[in-house]
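Before any comments, here is the structure.
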Amino acid sequence: MWAQRTITLQARARGFHLVTREVEEAVPELSSIRVGIAHVFIRHTSASLTLNENASPDVRRDFSEWFDRAVPDGADYFAHTLEGPDDMPAHIKASLLGPSLTVPIADGRFSLGTWQGIYLCEHRDHGGPRKVTITLSGDSS
Amino acid sequence: MWAQRTITLQARARGFHLVTREVEEAVPELSSIRVGIAHVFIRHTSASLTLNENASPDVRRDFSEWFDRAVPDGADYFAHTLEGPDDMPAHIKASLLGPSLTVPIADGRFSLGTWQGIYLCEHRDHGGPRKVTITLSGDSS
Amino acid sequence: MWAQRTITLQARARGFHLVTREVEEAVPELSSIRVGIAHVFIRHTSASLTLNENASPDVRRDFSEWFDRAVPDGADYFAHTLEGPDDMPAHIKASLLGPSLTVPIADGRFSLGTWQGIYLCEHRDHGGPRKVTITLSGDSS
């Protein structure tokens, strides 16, 4: 069986945000899949998705600390600067983390490790709402 | 339904190149899929695939600026240097960006965001032609 | 057809390790799939999976050289330090490389490029055994 839905995640501050529940609850068809794969895809080039530690907020803050140092705003070697000093770094961070996640489905739920949560990675200062397309496929028998 | 094709992308200069149309047109079976997933997989370890901004060539040039600084050619801490100063950096860049993309299919087309395009990321100075395997799965009813 | 199995990879030293055969042999259902996709998913946030060069051990050693410089242990800008100086870097490396791989299946086997192998990327000093969920889907006709 196949199901596909596009949802809009509300605008969030630049940084890393846990959205596991929001994504999982957006696809009620999930509950009928015994074994399968969920594909979560962000329809933007300056925000991304990753899986990481779902407990300590410090981890998400430290992600910002590292990424903002690794890809600095307003670096003088960037030519694409028309949209602001945070724009080109946002594109690069988006590709380093990637636009999609694939998660196993087991018994009607995302089958994540104990400590894994879905991060929305907002790389712009004012990124606005973000659209995410979730595609489920699996065996419902 | 399932379909799988391997195509060869012509040799390109080191850097980042838009290949969305080339990939999409290589799989005519796409048009019969109502909802599904396209898997695009590069069969190499010194080139990669990513999704990013499909408009400004400056973005693709700035990708090179950043990646060539982050993983410098000929860094003195690399031991694997037999194949040239660009070889080991190419392997690392390939894993940072990843060998595959998964893209939602909707109504017979890749369902990308407005600004998203497929980049072939060529990390070698003389990488040669690159083989890409495209696997489609979906519901054609 | 769908199949899903969770395996445990034995504890390994911090670094990059080839596990292609171990993963492939864990899913005997693979042999009956003509065309499909294998999804390999690590259920942790301080280890990851990637595809890279399967021949020279120098490549895997150089991965450590680069990643340990790019995300240094005990960097003073990290706040999440309770679990040791290698913990927060492990989380970041895990997201840079990603928790999952998707690999084409052709004629009952992983369809990898000649030089591609699956790396288990252990980012902790003492990470312990790692659980990996492998989900296969494909056409067995």
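Chains: A, B and C, in written order; residue numbering restarts at 1 for each.
We take it that contacts are C-beta pairs under 8 Å (C-beta built on N, C-alpha and C of every residue); 3 or more make two chains touch, one makes a residue touch a chain.
These numbers were taken from a predicted model, which means no experiment stands behind them.
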Degree value of the rotation bringing subunit A onto subunit B, based on Cα positions, nearest 5: 120
Same or different contact residues where subunit C meets its copy subunit B, judged by the half mark: different
Centre-to-centre distance between subunit C and subunit B (centres being mean Cα positions), rounded to whole Å: 20
Residues within subunit C bordering two or more other chains: 70, 96, 98, 102, 137
Subunit C residues touching subunit B - in the complex, by the definition given at the top: 35-37, 50-53, 56, 58-59, 61-63, 65-66, 69-70, 96-98, 101-104, 106, 111-116, 119, 137-139
Complex contact set, residues of subunit C against subunit A: 2-4, 39, 41-45, 70-71, 75, 77-80, 88, 91-92, 94-96, 98-100, 102, 131, 133, 135, 137
